[in-house]
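Given below, in the form of structure tokens, are the structures.
Across the two complexes that follow, subunit A remains constant while its partner is subunit B and subsequently subunit C.
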Partner chain A sequence: MKIKAFWRENNTLLVVALILLVLSVFGSSSMGLEPFVRTTLSGFTLSALYFMVAAGLTLVFGLMDVLNFSQGSMLMIGAYAGWQFYTNPTFLFGLAPLAFALMAGLAMMAVLHPVVSNWRIPEQWQSRLRALIIVIAVVIGVLAVVGLDFRGLASTAMVATMVAGNPLAEATPQEPLASFWIRPVLLLLSGALIALAQARPGDPTVVVHKDQTRRSGMVVAGLLLLVVVATLVRESGPLAVLTMNGNLRFVLALIVGALVGAGLGAVIETTLISPLYVRPLYQVIITMGLAFVISELIQLLWDPLPYAMSRPPAFSQPGKAENIWAFFRGGNTTVDILGVTFPSYRLFIIVLGVLMFLGLTLVLKYTRLGMIIRAGVQDREMVEALGINVKRVFTLVFALGTGLAALGGIGAAPFVPVEPVMGDRYLMQGFITVVIGGMGSTTGAAVGALLLGLARAFGDYLALKFSLSPAISEASTVIIMAIVLLARPAGLLGRRE
Partner chain B sequence: MVEQDFILEVDAIHTFIGQFHILEGVTVQVRRNSITVLLGRNGAGKTTTLKSILGLTPPRVGRVLFDGRELHGKRAYDIAAMGIGFVPEHRAIFRNLSVAENLRIAERKKGDLERKADFIFGLFPDLQRLYKLPGNHLSGGQQQMLAVARALVADNKLLLIDEPSEGLAPVLIEQMMEAIRELSVTTTVLLVEQNFLMASRLAQHYYIIDDGKSVHQGEMADLIHDEALIHQYLGASVRVDTGAPGGRGGGR
Partner chain C sequence: MSEKAEKRVNGKTGAPLSWIKQHWGELVVVAGLILFPYVFSLLSGTSVSQGATKFWQGQLIVMFIMAVYAMSYDLLLGYTGILSFGHAAFFGGGAYAMALFLTHVAPKVTGSYRIMVGGINIADLLMVLVGFLLAVLVAVLLGLLFSAVSSRVKGAYFAMITLAMGQAIHILSKATDFVEWTGADEGLHGVPVPVWLNPTQFRLRFYFVALAFMLIMYLVTRRIVNSPTGRIFVAIRENESRVRMIGYNPAVYRSIAFVTAAVIAGLAGGLYALWTMSATPSMTSSALTINALIMGILGGIGTLIGPMLGAVLMEFLGHFFYQWFGARWPLVFGVLFVLLVLFLPYGIVGTWRLRRLELRQGWQRFLRLLKPEKE
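Right, the complex of A and B next:
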């Protein structure tokens, strides 16, 4: 009975494993071991990248029914942010005070609410007043950044990458504090005005709890502190970052990339997605539009060029490590695995992907947030009926998804070109991954990513060997998707009816 | 202080779902520490009434007062957090969560479950044995008990229970009735129940909802003898005096 139940619950996984096993026995005997191992490892590397995009997609779709077409752009933003931070963080340090100031303003909503909800405003004027406030906020926001040399800031890392000389030799175009200080102040005001409109002055029906107000107050205070610190370290910060140990700088870049992605995700969810839960089609369109906007903005700042971010020192000592232990000591560019010379950084990507999967699985299984997500995937209404603020969970999960994609982006940056089309490329693969694995399933996303990555790698190998068009390997992913959907319309591990 | 007697006052609410006018004036008052039952045919609007109270389908017109506080404009999670537990129909437990997690997720303060564990397992001893099992391994009756237990984890002043006897074997209905009677000692229950026998033996007060309107109300003791009224609103199949335990009443 036990075996039967085990089979019933895991049959899809077992069948997939069996197929992969048969294929690998067949492949290794016909290809020869060396090319087989090499191709398999390349496949795993791609799998890890696909999973990083797909994890957020499937999580967000499973819980919130939102198809986030800007998920690929989040990977791209992570890549750009990490590349900037690692190569020359002048741009990030220049914008940080502005971003924190805007966020501090926006976070004032719950603080403002108890004050403004009692204002006596005739009902017919309330919506007009809100519109007026928003218009003023936008005007102030635009005024705040007018004249700021975005491209000058952005070009620092660009130059550093292309010249490959000493990045510190480049003149930093940071504005002097005497003229800069007004910008964060104006953005704070702009954010606060938007928060004021969101707090719905004169409308006493919106409920904000006391502890929520207190918590927001602390968040605002923390952000204001960050604004001040960020404003002060604008000019000295980049230097400090660039002179620190390269490996540490890379780890920090990973963290910064992920945080930028998560923060952006939280802002996108609260401002663009959450008003549209009643109109799912509009959400699709708005995330699609967002992807275009992000891609254009990036081209505006960094030109439509591909950049190669250099690898951190731990992966860049010339020569081959004899085995994995030798690599840990030497930090070589390549490492010997089962007789195959393989780039060590690609191994890092595989490890990062596996860690992400394990981390996500543990969070889903053992934390309260994970419990709420699993419950919400099945029945959102009931979760809300238990007294849980599902809206806040949505924001968190969306930010988690975009943060994971951004982390994947910075992880990938030293090994794929950092360019404005990378968003679209990975979005497509991410969607195919999720469809194969089953919408809403994290394990499904991992299995789908594994299949896709291997198909891509072996497709490339076969195309090269028989001098076919490389389009074969691109088509293979779609063919796999078609076969899976014919056999299991809900995807391999999808449970939706 | 007459007002203090009622923990819940629903005053002429109208609820729309999409463009459908589902509730067209429902008024319900629930006394503290009592069991009140909503009766009526299928599709009369009983479930929608519960969901309107909780803000899952917010009423467009009318007023809901819980514990003396106006609920208009509040979100469902705010209303629930004020102390309302909800046991939906079709035993909506989380099937992919274990029994333990189904209870744990209902905590509003840390340690809620530990505080209430003895009470809950006293009512439903089975759940203690099933504690580690995933929800989809439970039988229908066990799922229903878990759904009720879940509403007991947090400190709720009012429980909204929708069709607890639905699809249960007679012996389980008895056990469920006993549990609901026992928990009504410490809290208040608003029940939706098609099984008239169960409803009549549990509840002290009743409201009849017909076609989206509350049309009749009173003491359960009086209704049992009013066969004409029962016949008019609840259908011909209700037989109070000779009904076997577990026989479904109020069917069409």
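Right, the complex of A and C next:
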């Protein structure tokens, strides 16, 4: 009986595993062991990348029925941010005060609310006042960044990538503090004005709890501190980062990339997606437009060129390690695995992907947030009825999804070209992954990523064998998607409608 | 029934004069477009086929083609409520079909055969027509393929699958394996367009061809959306389960809408290939799909005329944006698009139709203020 129940619950997974087993026996006997192992490992690397894009997609879709078409762009932003941080962080340090200032201003909503809600404003003037405030805020915000040399800041890492040698020599002088300080102040003002409009002056119907005000006040204070610190370390920061140990810098780059992605995701969810829950079609359209904007913006800042980020020192000692243990001591570029010479950095990506999967599964299974997410996937209205602030959970999950994609991006940056078409490419593969795996299921995304990654790797191998270009194998992954869709429209592990 | 409404009813059955009266707006636009090259040449002082006049004819030709392309997308998004992100595949498919045929097949045929009708060799003309037929064929096949794969899903899921498939087509159009045929990344250039339709030599002729193309396509599409089938498209957009309950199969009608839109986009692509005398991977890229979306949202989806207006505006503004902002001008459009989706989701025409009554009332109230007071 137990076996029967086990089979019924996991039959899809077991069938997939069986097919993979048969294929691998067949493949290893016909290809020879060495190319087989190499191709499989490459497949696992790709799988890890695809999983990082797909995990966010499937989580967000499962919980809030939003399909984020800018997920690929989030991976791209992660890659660019991490590349910038690792190669020459002048750009990030130059913009950080401005971003923090705007965030501090925007976070003031709950702080301003108790003050402004008691203002006496005639009802018909309230909405006009709000519109006026927002217009003023936008004007101030634009004034704050006028004349700032974005492209000049952005070009520092470009130059550092193309001119090999001492990146410290390329750290360009920035605008002097005496004229720079006005910018964060203006942005703070602009953000605060938007927060003021959001607090709806004169409208006592909006209720903000006292502890919410206190919490926001702490957040604003923290952000203001960050603004001051970021303004002061604008020029010394990049130097300090660049003189740091390369491995530490890479770890920091991973964190910065993921944080930039998550922060951007939170901003996107609150400003662009949450007003459109009543019009789901427009949500999709706006994320698509956003992907377009991001790709254009990146081309504006860094030109439509591919860049190669260098690997961190832990993966760049010349020579081949005899085994994994030797690699840990030596930090070589390649490792010997079952007689196959394999780039060690790609192993790191596989480990990163597996860790991400395990971490996500554990979070979903054992934490309060995970419990809310799982419950929300099952029945959103019920979770809302039980008194959980679904709005905040949505923002959090969206940020989590984009953050994972961005982490994947910076993880991938050292071995794939960092270029503006990254977004489109990984978006397509992420979509195919979630279609295969089934929407709303993390395990499904993992299975889909595994299948797709292996298919890509073996497809590339076959394409090479028949002297075709890898583009053919990339395009033909659509066939797998078509087969799965025709057989099981909900995907391998998706909910059936 | 008011006098005006009665007139309108009579106009449908009655004299041509009232027909003209009813459609005067459209007729004025058509007449203006026909006269445009001549009026412009008079105003600018350049001859009809030279200088600024020629340049603006070219701009209008692109607008016409893009208007048809945007209109085909509106048939999907605005009327049937289908969100497809693979639309560029049809446009590009049509363009590639035309360009490939004219480059690789047509010269062999025209080189060895002559098809005489009344002393004129019409082989060239036939080749162009066959090219359009092939564009239609490619569009139908691609449309069927897309809808076969995604017939069981809808909404955002559908958008996702069409995007993946559109990307696959884009990747194939760039693939180096077919470099002798498609020119891979570079695309096909210098397509041997028949001399009498050469857009650089006979710009004015091409202008009228494109204008006629747009008008015919507009009439055809309008006929489709006003037909019983078109009503079902709208019904699917409004409430799919009710359509199913009445006894229509939504999947079939969605496929019909999809293939129809694909064909129209394919034809537009074919003409675009003739105009640029090339077919490049950028014609299948997702950026072009976004363009259709921007045009649609800008003009107002579900109105047919809106997306055409959006296309005209976008090409017109694009021309100036290129001068002001340089090569990255689409960024401005992208930002504009996001703002439009947030604040003006019904577009220009849609908002106008929604607010028409209010505006008219306001205008009348204003007029009443100016009237002399009656005793």
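The rule is simple: the second predicted complex is superposed on the first by the 487 of 497 C-alpha atoms of A that agree within 3 Å, B and C clash if a C-alpha of one lies under 4 Å from a C-alpha of the other, contacts with A are read in each partner's own complex, and residues count from 1 in each chain.
Assume contacts are C-beta pairs under 8 Å (C-beta built on N, C-alpha and C of every residue); 3 or more make two chains touch, one makes a residue touch a chain.
All values derive from a computational prediction rather than experimental measurement.
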{"item": "Contacts of A:F292 with subunit B and subunit C, given as first, second, both or neither", "value": "second"}
{"item": "Contacts of A:V139 with subunit B and subunit C, given as first, second, both or neither", "value": "neither"}
{"item": "Subunit B versus subunit C as contact partner of A:M218, first or second or both or neither", "value": "neither"}
{"item": "Subunit C versus subunit B, contacts on subunit A by residue", "value": "C"}
{"item": "Touching partner for A:I432 - first (subunit B), second (subunit C), both, neither", "value": "second"}
{"item": "Contacts of A:V22 with subunit B and subunit C, given as first, second, both or neither", "value": "neither"}
{"item": "Touching partner for A:M382 - first (subunit B), second (subunit C), both, neither", "value": "first"}
{"item": "Partner chain(s) touched by A:I372 [first = subunit B, second = subunit C, both, neither]", "value": "first"}
{"item": "Contact set on subunit A toward subunit B in their complex", "value": "205-207, 209, 368, 371-372, 374-375, 377-379, 381-391"}
{"item": "Touching residues on subunit B, where the partner in the complex is subunit A", "value": "54, 56, 72-78, 80-81, 86, 88, 92, 94-97, 101, 104-106, 108, 150, 154"}
{"item": "Of subunit C, residues touching subunit A in the complex", "value": "81, 83, 85, 149-150, 152-153, 155-157, 159-161, 163-165, 167-169, 171-172, 174-177, 286-287, 290, 293-294, 297, 328, 330-331, 334-335, 337-338, 341-342, 345"}
{"item": "Sites on subunit A touched by subunit C in the complex", "value": "61, 65-67, 69, 272, 275-276, 279-286, 288-290, 292-293, 296-297, 299-300, 424-425, 427-428, 431-432, 434-435, 439, 468-469, 471-472, 474-478, 481-482, 485-486, 489"}
